[in-house]
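Heads up: the structure comes next, in structure tokens.
By letter and in written order, the chains are A, B, C and D; residue numbering begins at 1 in each of them.
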Amino acid sequence: MKTQLLQDLALANRILFNEGVLDGFGHISVRDPSNSQRFYISRMMAPALVTVDDLLEVDLEGVVHDSAGRRTYVERFIHSEIYKARPEVQSVVHSHSPTVIPFGVTGTRLRPVCHMSGFLGGKTPVYEIRDFIGERSSLLVTNQKLGKALADTLGEENVALMRGHGSVAVGTSIKQSVYRAFYTEVNARLQAQSLALGEPIYLTEGECEETTEAMEVHLDRPWQLWVRRAKAAALDDHGA
Amino acid sequence: MKTQLLQDLALANRILFNEGVLDGFGHISVRDPSNSQRFYISRMMAPALVTVDDLLEVDLEGVVHDSAGRRTYVERFIHSEIYKARPEVQSVVHSHSPTVIPFGVTGTRLRPVCHMSGFLGGKTPVYEIRDFIGERSSLLVTNQKLGKALADTLGEENVALMRGHGSVAVGTSIKQSVYRAFYTEVNARLQAQSLALGEPIYLTEGECEETTEAMEVHLDRPWQLWVRRAKAAALDDHGA
Amino acid sequence: MKTQLLQDLALANRILFNEGVLDGFGHISVRDPSNSQRFYISRMMAPALVTVDDLLEVDLEGVVHDSAGRRTYVERFIHSEIYKARPEVQSVVHSHSPTVIPFGVTGTRLRPVCHMSGFLGGKTPVYEIRDFIGERSSLLVTNQKLGKALADTLGEENVALMRGHGSVAVGTSIKQSVYRAFYTEVNARLQAQSLALGEPIYLTEGECEETTEAMEVHLDRPWQLWVRRAKAAALDDHGA
Amino acid sequence: MKTQLLQDLALANRILFNEGVLDGFGHISVRDPSNSQRFYISRMMAPALVTVDDLLEVDLEGVVHDSAGRRTYVERFIHSEIYKARPEVQSVVHSHSPTVIPFGVTGTRLRPVCHMSGFLGGKTPVYEIRDFIGERSSLLVTNQKLGKALADTLGEENVALMRGHGSVAVGTSIKQSVYRAFYTEVNARLQAQSLALGEPIYLTEGECEETTEAMEVHLDRPWQLWVRRAKAAALDDHGA
């Protein structure tokens, strides 16, 4: 079962690149189902090239447990602090997906305009790193304090934007966090285009709840497609 | 002949994905030419992966007739109710095509700006599901009542938008419904870009009629292209 | 030499599709270098699939000369009338390239914002078919009268837009008409994006002349690329 | 070591095309590490097709040193004059990347909205060739005087826009100039989309410095991806 999980995690890295959510940067992790104090994430590399052999085990203090001494991303604290704060979360995606960033740097709030993205709810928060470290930083979440501040900003939501940087999406499974990261980007495109045409009708709170529940049972449908596409677009000779 | 029809339906699924009309969701159906009370549609799966073996027969009450007991989409009532209301319609596409959704959530009406999309006519209607089920729904067309309301909204038009959800396009053949779904999305892009530049000159009613008739005889031209492209981009080992 | 010309014409069809200028519709022709009263164009089919065997000879009255009795596009009069009016023109592209259409349906004039598209000059004209056939037409250029009206609108320019329909680009060679059709679309994207940011600085008349002359000698550079890409993306088993 | 450098330069040409920074035009060069008065650049051809065999050695007066007498780009003075003015610069990219051009023709200044593009700093300059050669030019940098004017405009910045033409990005290595050219285009897209939503929060001067330093150590991550993608998309039979 852990083999399947790690294969899914490697695939998810490639899917997120292949579907335009990640570029050369960004990462996805999954919590260890047999040890809630550990999670898996790739070593520091471009997600499109990740295979099972590149996955490392990290604890909730951000320490890598790898006999080969390999390093993971400096922003691993995004993951560790969210796992600490949210026991039900099993997977976290951090991306720079392109249409989400503009919502993070302007006052325009990201809100769901279609049933695919009801999980955004009514108040997608924006993490302003300046509030925690001042106006002279790398914008990167490089330690526990900044990771905790991000987890606090996220609160009980499924997605948080990071000003001038990107966003995080969480889920109770790899399939769900991938679905959410993907449809956060889709919604950003739909909302931006809607705003250019007029004042959009957003989903009501009730519609957010009902659509989230309704789509939840269909996560396998796009996943099967994305897997097939990622395999067809494979950039290497390794199976995942 | 039914073999050809089912092959075309499987191909149409893959074409609609390949040309950017469908993503992991959405569906296309065709009425059974030998039994107007039945239609064919894929089992519940991503359209890009559909082959002939995945096609099911469904009646106009939405009941699947499949010896293997397979299930189709919960939104099959979109199809069954339109077939009930519109005897001349032989094929229905339901999509979330991305540039059409913004027209469904703003007051800006989708109107034809070029000769390829004259079939849109002058008054593309928008289906507001809140009018029929209130402000707390999944937005999905999950029963006959909601399907009938959508068919009523569509009326005698070729395309209807669904607020916060997507759209439907109908035709007298698979090729025509696919053409219409594709050029509805194209027109949405053209119209959105036109609106950013100034006030567009829309097709007159007469131009809508004449262009629809003129293009009708050329449906095979893009179809041949789309078939070739779908086959070249096939994600599986099955022929359709 | 004619063999090379016809191979280039077949390739140009596929290039124009592959580079996003044509979709399932549109066409390119080349004048017969040994008989200025004739031109070559594909039979009625999607340009992406055209091979040398699909090319037909047509005279300037729009009559096809083909022993097999094959038909070409109903809009062949776009080509025949431009060849009549402009003796120096050797190749004509008619496209529905997507970002050009919005300029044809709004009052915003297409004007060059970069050195690649200086050939647009200062006054890209727009052909309004209503002026010649009224408000109830198919918008198609289906006879000599409409073709002549389009040629008149084009005048001595290199590109003319057609309201609600597309555009034409002409050149003294296949490479030049393809280059112009491609960079007309590129310029439309650049200009639309510029207009969203502020008032663009357009090329002066002198810059239009100088850039056109300067780029003229470099047509082979993108052509070699486009040929390679079209061959890599070939949708059929035929060489061109 | 020079072999590796030239392989990287050939690959960089193909990467910049494959990632949408260059089209049929544009060029990248690298300074000769063993002779600071010389640089390498392709012969005059489409960058997507460049292999090691196409690379030429040019001196800082713009003279090509090639026993076969091959020619390079007429705009080689962009490179030679920047290398003269900026001893620390080891690589220069000149592109027409599409979303950057609109910032060069309007008063809207290109400014960093995300941590990937902090290298843009606070005052990306715009080169107006009319200031140096008047209102009747080809816009091309065809001699030393125009190259020097561009280098003067660039000053100590990493990127300069060229009105109606494109931009230049410089770096202390091929990987850095490629990274900067790519994320200049990315930032232009992000900034344009942000401006459509509201007033963006730009990076502070301190954030520009810190993000530039922080990303500097991660140049290999996207580079490995881009190499893999360029090789997978190779349009020829030559290795680089």
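Just so it is clear, a residue touches a chain if its C-beta (ideal position, glycine included) is under 8 Å from a C-beta of that chain, and two chains touch if they have at least 3 such contacts.
As the structure is a prediction and not an experimental result, all values here were calculated from the model.
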| item | value |
| --- | --- |
| Where chain B and chain D overlap in contact partners, by chain label | A, C |
| When chain A is superposed on chain B by its C-alpha atoms, the rotation angle in degrees, nearest 5 | 90 |
| Chain centre separation (chain A, chain D; CA means) in Å | 32 |
| Of all residues in chain D, the ones touching two or more other chains | 196 |
| Graph class of chain-chain contacts, one of line, ring, star, complete, other | ring |
| Residues of chain C that touch chain B when the two form their complex | 17, 23-25, 44-46, 48-49, 96, 98-99, 101-103, 105-108, 135-140, 163-166, 192, 195-196, 235-236 |
| Contacting residues of chain D [partner chain A, same complex] | 113-116, 186, 189-190, 193-194, 196-204, 206-207, 209-211, 213-214, 218, 221-226, 228-229, 232 |
